[in-house]
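Below you'll find a set of structures to go through.
Shared between the two complexes below is subunit A, which pairs with subunit B and subunit C, respectively.
And now, the complex of A and B:
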């Protein structure tokens, strides 16, 4: 009602304030200007990102080629760079985070969508939004002063009994960073999966109930079964977020440029691409050093963009197949 | 029914009292508790973060902290005023860039974007939303900081603005799509030009939703740290103009949290409390002003 009244008012206002028959100069240029700016801004911006990163990293690309990615030594003094350690750190932290939070996320989404009464759902969503809205540097602060002391005191000693390498674990490690990441990606994971649950036709659920299935059986066989593509998309988008997360990781990962001592070196300090940038970019001196850091930024951009575009395309196709809701 | 089942080999009683059914029911009940436990497990960090920020923040809090400029960790009168000023500067510059540009892009997509070219733009924008923000910092460093010659709060604001554009564009398009086409057609029927129609009908009707989306985007850039590390950088004094480097609340939290000084760590907690209060305020205002619009990442 109020909306209609507003519209009527604004219509009357426009009638009163403008001569409708005359097409002013501004009117004539409106559509071209919108095309130019509306399409131009995103195109120019994406070009700017790619052009700047490629131009600045050209020196490193030509100097090292693919050798950069297999070498493990990172030595700014000798001007010798290998980034395997950071690629390893980036991929391993993100994958562990996904391994921890994907099953949890599906469980939480099940609880939120299938078990919680609808009027409680809003509260649940709000608290997830709140979790998503906390700045990542505050996760880092909490990680340093709360999570790591907790892990060192209560989790690592117990885990060390089952899995001996953990005994030597220090607080700031790849594993600690993964745990912080798994907390940070939870909201995006859960909200996309819940959206997916929402698209499952109610008639499918009712058919299963009609056959005598319990709520858990309906969830397991029908809901999760039919939302597998959504869960895949949620995983990809969460992975994209985890790969690029900077501050929280930088503050808890230990920032060590030493190559991983073994393939499964998750309980030692490490470094991701983004944490390396945060630590060394503003102090980098020397053209090659800086150029290598730019190349790492480019690698990170390409990596996250591929993962995200895949996720976006899956979501887009799903929306089309469900009739655009 | 029951007799039939009994004769079909389900035993003497009906299926609903059989062991198999009871197991299935029990699994269902157990799963309820398991999923509820997972949910609580996920909420623990949220409450822990909020509790710790307010507990540690209030413990270290004194009013002078908000009024005093930064300083050495041994002088116990230094504060975080410079960072609050810096955050306001950077957020304002970012908003001045991000809000108009984002609204224009979003309006274009909604009003002129019914083609496959615009579909590609949408994918680009959605990808830009999820570009790691540190990359924006690196790009702005190469593009602005090297040209100006030194770190400045202007460069920081530009970085925040670039992050904001796709956020605002996306929410603007979503909100315009919710405007009923009847209004728009009515506008054209009255002979309004396309510009008048877009401004007075489309944007006017979507303004509430856009405003709420813009507020959330402001809250988001206010908490960004990574893009400011090599743009606005850090300083112990409030910026006197936009070409000065400046401390901001998130960068101050980072720098002070990893410092070995207890006093600075206390300031980091206070800054975190201020930042969360600002964030919550914006979230709260958005919910109060626009209860009908709801959006999340």
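And now, the complex of A and C:
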């Protein structure tokens, strides 16, 4: 008996001392390698982007300082650059796009979520996803061949009566770009808002119904009411998209480097940072010219990053605070 | 609220079949349930329920999980039909007026019949104050001179006033579970309903908070007809005047609480209250 026990013990001991902690070579290196790739590649890439942009724009940063952003003349021949026009174009197109898209987006999301019968809902959501996947050049073509002729034929003559400068508008304008943008950002707005609606507990709807609320009142006070932070996050993410959108905007904005004639010059041709970059990078000659374009790219990157990070942070915080429900 | 809607049908004072005996001996019915069947799709969850519920009493509905207690409660303020494929047959009379009549607006029914839910569900986007007046706002009342006293009075009724009077602007969801549930009761009674439905109102609360809510239920009985679903038989015995025992969607027994608990007429009831199943 005692002998057997000893044998068993020694067997256990040998097991413990040898193999319990053993790992194959693949185990040892696989996980760290994946960590390195997974965390490393995105980090290294974003650092490289940032580094390149800063390095290339250094010349312009030191040459102009903050003057670059207040000046309006864009003069490659005199090597004198001011980018106010493009910052104006970028902010105004995105802002108008949000103003148009947000109320519509909330309406569409409400409709999709609360009123579309479940079997049709999948179809509607799929078509929204499809809309998100359409290449932006196609939005641009639609803008050129459908939207702009429509604006010139049906909107501007009427609008010109109250606002005379519009009468001579050529159609390619900041306003046209805003409308195209507002349609392009609709899918992202709607899908995030609908996701937010999904997190509204049924018990809250019932509480409101129980107080004698109509369906519309439940939607307004409970569904939209409790989703406001999500709507804010969706707006920021959509704004991030609108700020950087290039192709469709370049096709309809008119690509004019002239400074806006007034603060509300939205029916004139304009230029955004991204449309300027698309237009001029290939033909930029001279170190300062190129460096200024790089600085604009840096500005755009920082701008969209801030907006996107804010949006992501809000979404994250929401998921935590609603997690318990 | 006025009772001008009550004249339509002739008095339906139930010759409450034997199952409701002892309920209406000294009073009239506030709510009468007649031949009520409820369905989810093709699945029938309530079978031919007949009950008369008296005003200013607490009626407890007990029974094992899934027996249809909550469904029965939700047919009384027409909340059941909001679920997908849910359907109701039969009649529910509120002051002798069938709330399932084709011309009845369920929104108006729900104003007269308040509801408190299993889990406290104050609106997370609203302050304590706004939670209390949510129902009044729906009726278009926005005058602070009217709302302020209602908020104070209602919060006093539920015993929350002293605890929250200094921070009515705080979010309702920041309160403790028991306080939240009292806030929800305040929200339900602020619109001065005639009937208050409670669906396992203490199921998610600790014993101390439960005791407070039970005291409150006994208080509220002076003003309202209360119908309380509970899975806790001791609670039913403590707070209710009448008890209905539901099993598999059928009303097995209904009568004065003491009688039901001490001398149940049905053997199924006896087995349930003595803990042999459920």
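Criterion: the second predicted complex is superposed on the first by the 295 of 325 C-alpha atoms of A that agree within 3 Å, B and C clash if a C-alpha of one lies under 4 Å from a C-alpha of the other, contacts with A are read in each partner's own complex, and residues count from 1 in each chain.
One rule holds in what follows: a contact is a pair of C-beta atoms (placed from the backbone, for glycine too) under 8 Å apart; a residue touches a chain by one contact, two chains touch by 3 or more.
Everything numeric in this text was worked out from a predicted model, so none of it was measured.
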item: Which superposed partner A:58 touches (first subunit B, second subunit C, both, neither); value: neither
item: Contacts of A:217 with subunit B and subunit C, given as first, second, both or neither; value: both
item: First, second, both or neither for A:47, with subunit B first and subunit C second; value: neither
item: Partner chain in contact with A:207 - subunit B first, subunit C second, else both or neither; value: second
item: Which of subunit B and subunit C A:163 touches, first, second, both or neither; value: neither
item: Which partner reaches more residues of subunit A (counting touched residues only), subunit B or subunit C; value: B
item: Contacts of A:297 with subunit B and subunit C, given as first, second, both or neither; value: first
item: First (subunit B), second (subunit C), both or neither touched by A:140; value: first
item: First, second, both or neither for A:240, with subunit B first and subunit C second; value: first
item: Contacts on subunit A seen with subunit B and repeated with subunit C across the two complexes; value: 214, 217
item: Residues on subunit A engaged by subunit C in the complex (per definition of touch); value: 118, 201, 203-204, 206-214, 217, 221-222, 225-226, 228
item: Touching residues (chain side subunit B, partner subunit A) in the complex; value: 24-25, 27-28, 31-32, 34-36, 38-39, 41-43, 45-46, 48-49, 52-53, 56, 101, 104-105, 107-109, 111-113, 117-118, 121, 123-128, 130-139, 141-143, 162, 165-166, 169, 183, 186-187, 190-196, 198, 200-201, 204-205, 219-220, 222-226, 229-230, 233, 250, 253-254, 257-258, 265, 268-269, 272, 275-276, 279-280, 283, 296-297
item: Interfacial residue positions of subunit A with respect to subunit B in the complex; value: 3, 6-7, 10-11, 13-15, 18, 20-21, 23-24, 26-27, 30-31, 34-35, 37-39, 41-43, 45-46, 48-49, 52-53, 56, 104, 107-108, 110-112, 115, 124-125, 127-142, 144-146, 183, 186-188, 190-191, 214-217, 219, 237, 240-241, 243-247, 250-251, 274, 277-278, 281-282, 293-294, 297, 300-301, 304-305, 308-309, 312-313, 316
item: Touching residues on subunit C, where the partner in the complex is subunit A; value: 77, 79, 82, 84, 107-111, 114-115, 117, 119, 121, 123-126, 134-135, 138-139, 184, 187-188, 191
